[in-house]
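Have a look at these structures, which come just after this line.
Common to both upcoming complexes is chain A, partnered first by chain B, then by chain C.
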Partner chain A sequence: MMERSLAYDRAITIFSPEGRLYQVEYALEAVRRGKTAIGIKAANGAVIGVHKEATSPLMDLDQIQKIYVVDKHIGCAIAGLHADARVLVDFSRVQSQINLITYGEPIDVEVLTKKVCDLKQNYTQVGGIRPFGVSLLIAGVDSQGPQIFTTDPSGSYWSWRATAIGYNSEAAREYLAKNYKPTMKLMPAAVKLCIDTLRQVVEEKLDEEAMEISIVDTDKREFTQLTKEEIRSVLV
Partner chain B sequence: MMEQSDKHRLMSHTTTVAVRVNGGIILGTESQATMGYLVASDTAPKILQITDHTAMTISGSVADAQQLVNSVRAIAQLEALEKGRELSVKAISRLTSSILFRNRMFPLIAMLIVGGVDDEGGHIYMLDPLGSMLEEEEFTATGSGSVVAYGVLEDEYRKDMSIDEGKQLVMRSVNAARKRDIASGGSIQIAVADSKGVEISRESI
Partner chain C sequence: MNGQTDLTPFFGAATVGITFENGVVIGAEKRVLWGYTVVSKTGKKVFPITENIIVGSAGVSGDYQMLSSFLTAESNLFELENRRSITVQAAAQLLSNILFSRKYMPYLTQTLIGGVDQDGSHLYSLDLAGSLIKETYAAVGTATSLVLGVLEANFRENLSKEEAIDLAVKAIQAATRRDAMSGDGIDLLIVTPGGIETKHLSLAE
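After this line comes the complex of A and B, so read on.
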């Protein structure tokens, strides 16, 4: 016999009798299976780090990019379906430039997050399409200081001092809650906490080859990827 | 030969002035609106508030300027709600200049001065009908009376003037234009923009 709920997950625009949107919840499941990404707000900047893993030994890990630059001062990590994420990253990049041309100022991190979430929300309400199976972890620096936001497939977003998305994110958030201090400096304290958290939830021996770390500080306001040497110097 | 922008400048039968002082911006205009040789109004408002801390002087076609200001006000308000804080003076100027540029095939005849105070202090931007945007560090003037007003400003402007001194200077320069420029007249309107906001007043001469 068919389960009662099954009839309500054939199209996303249909609520179940309990008021749930099953397709959106399934999209969240795609996020939970994604690689772990960590974001931390420090006193003088923000850091995001992701776990990288080769599905085959022939894969060239150096060429795989898991953190995207959106604008000079903003970047994001993703958890979930990569192809879906690319669409959102392209959209974010265009929105950043529209803001720059219209107002002559770089876009605020929250304004950008909101625009991405407006798009995501639309994909939970319009017929004939499916939600984005991806969460973004957006980091940047604007006139309000360093910022970390996460978005989910429903179009909700949250601001964080430190957070994680993707595989084992609950454990990562617990570890962050225990070890986070709002006064910590970006280098090396916040970067170190970011790496430690990744190691805690993925595996102990994670080295600089299996992670990607990017930072943005309040002085230069430039979102940049750390080199392997820079990551190693923090690990020691 | 006269450049196109010069023609626009003289087309606006007005005097508007902006001066940067310590802690704020002073905007000033006279209040005469003309239709050919007819004085259509001698109490025309030519300083319009855009946000709490930014105002704009208008000159040229009153209709074009008013519609432009209505649009800019609406967009600035929406964007402020989105951002959770007010737009900067630069952002408002840039927004206005892109609207002007977008319409350059059928331009809005408006010479504008945007003045206000934001997190980075006081700013003055001058915009022309085709969308050029120039920041002025000290003072600026537009309209047919600007040549007269500039004479007073060039002579009496000092850096680090107080708000009161700036107000007096703007009054004197607009008053000179009011007397000597045939297209300027009526009373004087002054707007003071500082960190507390914009205050627009009509001054008796």
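After this line comes the complex of A and C, so read on.
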């Protein structure tokens, strides 16, 4: 098994005799080792939460952004290689503006997700390149209401009511499945569930310093980061 | 004309658009010119784009035929990609972008685009470089001033469908009597939330 597979996991992405793409699977592993990110769709909006950790006491966590604003109404969290993610976030931002110019309307969340995944898919089929080692968790509000999507390195994407990517995401999804209600309001119920889930899967007593939470609601349709005070008000 | 070709005869048309209480009517006559020759009395200058969007044109017939085909294709692709139909505003903006992208070798057309979506009924006019203007009533083609004279005397907000159709016909008839470059019958497209209706009238008096 080991010997057979070796020839198929080198520089380019080609099928193994078992029909697998090893490079893509290794990229998925990079995602699994990424920091946990949680996304929840509420009745009136969506929330994304990520775990934030200083690898050195000298690190200025306040200046580190782990959730990216893509367009006014869309944002995303990432799990995996940060440098790869930046490329995709830049791409998403440009695609959003192209949609705005072309149609005079903000881009739908699924349309954006699909465009990102078209790019990702390309990087699993073309020679001389490697797949993106990153999954995006995209949240936004469009004409269909609040939306949560995830993408993976293969270029597949899924729509969710609540989900997690990155480290311990299986446990997070289990916890979400037990506690999620589709009727829950964004504030404070969905935000609280988001924080509870993070605390459940990250083996620490997380406080507002160790997380970043962003929301987008169906009224204002503006993707905004919660302040530490706002997070604290939900924590108590 | 400063050594330039006079394009006026190519824009021979009396094309009119009127919004009414729950829809839009766009109508045009059927004369097609090549210079000062009438090459067709049965030309089509109004086109359905989607189930709820229509356009009316003036200009070089090949150009507006191609343009409306492109717009139909783009609208179909939009619907597949977005899993919802394109809004009138988005289709108009897209048309504006297509026209502007060809600013230095333009489609020689003037266009009215109208339709009905969840935000109500809309009408826009565009020139050959893609200027996009929202209107409640509008006209394009050589007979523009003749048509607008009739519209401005009779248009008001929230006309009924029948009143709007009558006004469009009246305006086109008035224009064809005095504009040598339009005539030979009337085509009308009417959009309401129920869909698109087609009407054909002769200009015999």
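Quick note on the criterion: the second predicted complex is superposed on the first by the 230 of 236 C-alpha atoms of A that agree within 3 Å, B and C clash if a C-alpha of one lies under 4 Å from a C-alpha of the other, contacts with A are read in each partner's own complex, and residues count from 1 in each chain.
Note that in this section a residue touches a chain if its C-beta (ideal position, glycine included) is under 8 Å from a C-beta of that chain, and two chains touch if they have at least 3 such contacts.
These numbers come from a predicted model, not from an experiment.
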**Report entry** Partners on chain A (chain B, chain C) - clash or fit
**Finding:** clash
**Report entry** chain B versus chain C as contact partner of A:104, first or second or both or neither
**Finding:** both
Query raised in the report: Of the partners chain B and chain C, which touch A:143 in the superposed model: first, second, both, neither?
Result: both
Query raised in the report: Where does A:53 make contact in the superposed view: on chain B (first), on chain C (second), on both, or on neither?
Result: neither
Query raised in the report: So, A:174: does it touch chain B (first), chain C (second), both, or neither?
Result: neither
Query raised in the report: Looking at the overlay, does A:114 come into contact with chain B only (first), chain C only (second), both, or neither?
Result: both
Query raised in the report: Considering each complex separately, which residues of chain A are in contact with chain B in the first and with chain C in the second?
Result: 101-105, 108, 110-111, 114, 143
Query raised in the report: In their complex, what parts of chain A are in touch with chain B?
Result: 101-105, 108, 110-111, 114, 143
Query - Residues on chain A engaged by chain C in the complex (per definition of touch) - result: 101-105, 108, 110-111, 114, 143-144
**Report entry** Residues of chain B that touch chain A when the two form their complex
**Finding:** 79, 82-84, 87-88, 90-91, 93-95, 98, 119
**Report entry** Contact set on chain C toward chain A in their complex
**Finding:** 78, 81-84, 86-87, 89-90, 92-94, 97
